[in-house]
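These notes open a run of structures that come right after.
You will see two complexes here that share chain A, one where it goes with chain B and one where it goes with chain C.
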Partner chain A sequence: MRGRVSRLTVLAFVAPAVLSLALVGIAPLLFAGWTSLHFYNLTKLRRVAFIGLENYQTVLGDEVFWQAVGRTLFLLGTALPIQIAFGLGVAIILHRPGLNLLKTLTRLSLVLPMATTYAVVGLLGQVMFNQKFGVINQLLPGPGINWIGDPQNAFIMIIFWDVWQWTPFVALVLLAGLTMVPGEVEEAARLETKSWWTILRHVQLPFLIPGLVAVLILRTADTLKLFDMVFTLTRGGPGAATEFVSLMIQRVGFRAFDQGLASAQAIILLIITIILAQIYIRIFYKEV
Partner chain B sequence: MSPRPMRSPKLPPAQHKRPPLIWETVILVAIIIVCVFPFYWMVTTSLKTHIVALEAPPAWIFEPTFNNYSEALFKDGVLRTLFNSLIIAICTTCLALILGIPAAFALARFEFRGKKDLWFWFITNRMVSPIVLALPFFLIAKNLGLLDRHITLILIYLTFNLPIVIWIVTDQIRGIPFELDEAARLEGASQFTIMTRICLPLAMPGVAVSAIFSFIFSWNELMFGLILTRNDAKTAPAMAVSFMEGYNLPYGKIMATSTLIVIPVLIFALLASRHLVRGLTMGAVK
Partner chain C sequence: MKKYILTNAVSAAALSLGLAVGGISHAMTWSLKDAAAPYSGTTVDVVFLLRPGYEAIEAMLPAFEDETGIQINIIKHPYENALGEQVRDFVADGDLDIALIDLVWIGNFAENEWVIPVDELQAKFPDIVDPDLDINDFFPLVLNAFGGWDGKIYGVPFDNYSGLLFYNRCLLEESGFDGPPETWAELKDVYGPALTKDGKYAFALQSKRNETQSADSFARVIWPFGGSFLDENFRSNLLSEESQAGLKFRQDLMQYMPDGIVAYDHAEVVNAFAQGDVAMITEWSAFYSTVVSEETSAVADCVAIAPEPKGPAGRKPALGGFSLAVASQADEAEQAAAWLFIQWATSKANALEYLERGGVPARASAYADPALAETYTFIPALVESWQDGVPEFRPRFAEWPEITEIVQEWGTKMMLGEVTTEEGAAEIGSRMEAVLEAAGYYSGDKPLAQ
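For the complex of A and B:
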């Protein structure tokens, strides 16, 4: 039979990757599990003590933690629909025939935002959204808006940059889906109806579904991971207005030095991620 | 249904009922401007003196200076952090390729129990939030005296590089006809020889793309760099962030550093632009 090899051969090929990923990916997790069961404060290392599930109890009953989770999901719920709407629009325009040179240029410039270092996006945000000498306030009519210092505006600004950076990604994914539609099918549909909506809904949508699911999976994972851009732009502020779950864990662990509590939060975040990832992956990724 | 008039066959269907091209042109140009403008602003701000950078409203026309670059690179040590980032990104990419290619070969070519679970596990690593690993990794590194060392970042970046390499290369090897392997088997080649002599050369495009991705992700990473380094192994993004202290921020210098960080990745991304979507979706979208 094809691909039948001895156990030893399989092991020889797979073991290096598995062992190294276990070393950097699983061993730390086990250690985090251990830390989460202890009182473990970096400033009081002499008082490390086993406290059982107390940290988990604290986290599960902690409003601030669940607010950060809620805020993260709210960001996903606002930014993702905008990205999909804009992305679909851009994809449909790029898919139309004609203006080839300009479209190639557009496609190349779409690549730029998503490759940009997240931290640099945050720094750019600081410069462009500055109340006094920022270019955004210069271009907008009316008095200068306080973007970074106002809770609501800061959140809008985060949404703006997330949309700026990831709409191109959605657009290119959906464009890839549109090009999968067989030319004859689309031509035939165009002879039947002139409504682009009907064509989108009945002809193109089936080809867009895999891309949309991939976008959903990856944007969910990336939003739960979101740290760099927000850290450089607002550090979670003002107050806790933009403190998403990863930033919060970082604050508890490295600015309040409570590693035990932060580890418990991290483990709970990991469980949330694994549940979401398993649901998503099993729905989407098919056979190996 | 009302009868439709016959169309003249000479007219290509695409020409029917299109909004005028002028609108399409306007929209496309607007998209390009929105994508590119922040970079324009980054570069121009980096060429402003400290005083011009703090003008309100901001100046669009000014005399450019390269002082921010020379100061950031040579006085503040950005050059060294760029070098650190480069070493770390190259090493972690090479390591991910060395470890990942055999695993990808096995996943593509061998049948074995637990293959599917193994593959799920590799992919799931892409989903895990880095902060989950950063906490314990910090404590372990601290206890082992590995803080502020290049090797620490090189190893931890494997958590996202290895899955990327394994996915893309597995996908690429699966596209190579199995008959080539079988022919080589008949000649008495070992599986290792088949991998290195037959599959690897043919899978080179995938290997190159996964290497570019691995490099970009490592080069762009901030959080681990921030938490696990201080001076000696400080990465460029961590350096850019460390300018953000105090009231009178040196915006020109921050933007100069940002420009230096971003330019290499943009070049790489444009080189790999045809594969970017495939790589970012881990092959879910071709």
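For the complex of A and C:
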């Protein structure tokens, strides 16, 4: 029939995307699922054997794994509120009328931290936070702070870099949300009250919620898989102070070569990510 | 272990005997150029590290390539990535034709048959065996520990280390010392307080949470005090009085080290020493060229070398280094070309140039000239260390990659004071035994070889 597209044509258009997704995303996931049910150590491939849920049992009972998960959630719980607070502040400032050239330049410069490769951020951190010749200690008064070799300071350093790199992303997403607020509604609200908080809470926030949920989901997923920056900066140390869950999985899978156990850890991490995303969607979208 | 040293020694002797019998006429006519002629144009892939010994061979490489027509494709990795990259390549039947094997990887590479024993290789390619190979010229400890496993020699020692005490003679003299400490106790109790002042520290022990923590920090303190990782039944020996004495000594010694020593890797320690911030370090011989070069060291004129201090159980210096072995996954031409390269890189003829360019050969003949010790002041200490070293300084079995991760984690926690030495040793012990149990050491499936 004229005007209707044949099923074959539809398939031809859709199939490449579906096949690519299957190859790139689903096949590795299925393989990870398979290895997680086996003893699968890269240096002992002659001993590959089906062991059922033993790897999952090991992970669920492994104190070190849960410490790494706890550490990762603590990072999320500290860095993300700071990013949202700073990001919202920047977005509100950029949303105000006037100074257009300066605001354009600011928007452009906000992209720079996000565009910096994670691993390079870690290497920058190594130099800037070096106890003896790092610029941070040169700027601070008193004796040089031991950033990289002290567990608490190393954690603070990771928070600093995460906030530095990802606050601009939050700011840009929230700025996009603010531009969705109808001008006449905002103008009418400003005539009613001078309180910026009232305007934010009752007029702007409903338009920010979808962006905030996206930020929460993306940043949660990003934090749970945070690897490159920490690997180049502290390698998870000192001790296990900055060994986040993704670093632990890499250590088990590629330094101890136990791919079966690492796959089980990765799948449990995936489940945690999905649960958190569902929680965000249910709580915040309900509020809207 | 002695059994394996003996069988390795027998293997080495058999190799050299075979060569001797194999032909005096062969020796008369053999040349690298002729031997390599059938393999001209072959490319050999090998992993190198970012260290002085590798730069030395790389600088010498044009001579080999010009003479043989064999191309050497060097893939450079930092140490921490080298094992993973090679394991993935061998598992995937990849491109590497030569394996670069740290002494703690030898059990893994040999048991997986990723590398070919030298005697099999020589039987397969008799025409390319250099009659001047002289395998017995290598220090026996080094040959057996770096290249030997289960009675066979797989790798030829290439980048060779022993732990040495590097000390800043000028700083020691300023504090009234006319020589380095002889014992670890003296280092801590006498030199430590005297040299830790004015923002400078007596000592730095590289202890970052990677192989450095296991090899350069943890193992370094247990052996001189009479401790070890395992007892003769392969059970943890870390709670023994001797191992605990070593670990507690390390905790005490930390007061004379820079803050944050658990974040110091080789680069940080060598740099602190080279900048004059630290008076003494125990480091691999491979870093000699860095600390005596005026380009990289502010204290080049003050650097002096001694063997590592003794503990109650003797000297027991750190032992580490790499061998080169031919990969079984390579095709025949690549295997032959790879062996020609290994022979050339580790040959007696090139040992002196290798030394001059910053490498550390493991050939006894290379150090025969006493005058060399005047130029390369580390030589006497190195040769002495290679007499006293412990081959199982770190166990060389296939399970080491899993065990080192455990040691790194809990060893660092001990240093940070998050756990006591007893708690840390108990954790390492139980986790280490679980790995060994799963591998089959306790059921008798695997011999107790390390």
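We take it that the second predicted complex is superposed on the first by the 267 of 288 C-alpha atoms of A that agree within 3 Å, B and C clash if a C-alpha of one lies under 4 Å from a C-alpha of the other, contacts with A are read in each partner's own complex, and residues count from 1 in each chain.
Just so it is clear, contacts are C-beta pairs under 8 Å (C-beta built on N, C-alpha and C of every residue); 3 or more make two chains touch, one makes a residue touch a chain.
This is a predicted model, so every value here is computed, not measured.
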item: Which superposed partner A:Pro151 touches (first chain B, second chain C, both, neither); value: second
item: First (chain B), second (chain C), both or neither touched by A:Arg107; value: first
item: Partner chain in contact with A:Phe254 - chain B first, chain C second, else both or neither; value: both
item: Which superposed partner A:Phe207 touches (first chain B, second chain C, both, neither); value: neither
item: Chain B versus chain C as contact partner of A:Gly98, first or second or both or neither; value: first
item: Which superposed partner A:Phe129 touches (first chain B, second chain C, both, neither); value: neither
item: Partner chain(s) touched by A:Leu270 [first = chain B, second = chain C, both, neither]; value: first
item: Residues of chain A touched, compared between chain B and chain C (which is higher); value: B
item: Interface residues of chain A shared between complexes with chain B and chain C; value: 132, 254
item: For the chain C and chain A complex, residues of the former touching the latter; value: 83-84, 87-88, 91, 108, 112, 208-210, 259-264, 277, 398, 401-402, 405, 409, 412-413, 415-416, 418
item: Contact footprint of chain B on chain A as seen in their complex; value: 1-5, 7, 9-10, 12-14, 16-18, 20-21, 23-25, 27-29, 31-32, 35, 90, 93, 96-99, 102-103, 105-121, 123-124, 126-128, 132-135, 137-138, 164, 168-169, 172-173, 176-177, 180, 187, 190-191, 194, 210-211, 213-215, 217-218, 221, 224-225, 227-228, 231-232, 245-246, 249-250, 253-254, 259, 262-263, 266-267, 269-270, 273-274, 276-278, 281, 284-285, 287-288
item: Contact set on chain B toward chain A in their complex; value: 7, 13-14, 16-18, 21, 24-25, 27-29, 31-32, 34-36, 38-39, 41-42, 45, 53-58, 95, 98-100, 102-103, 105-107, 109-112, 115-116, 118-120, 122-140, 155-156, 158-159, 162, 166, 178, 191, 195, 216, 219-223, 226-227, 237, 240-241, 244, 249, 251, 254-255, 258, 261-262, 265-266, 268-270, 273, 276-277, 280-281, 284-286
item: Complex contact set, residues of chain A against chain C; value: 42-46, 64, 131-132, 146, 148-151, 154, 234-240, 251-252, 254-258
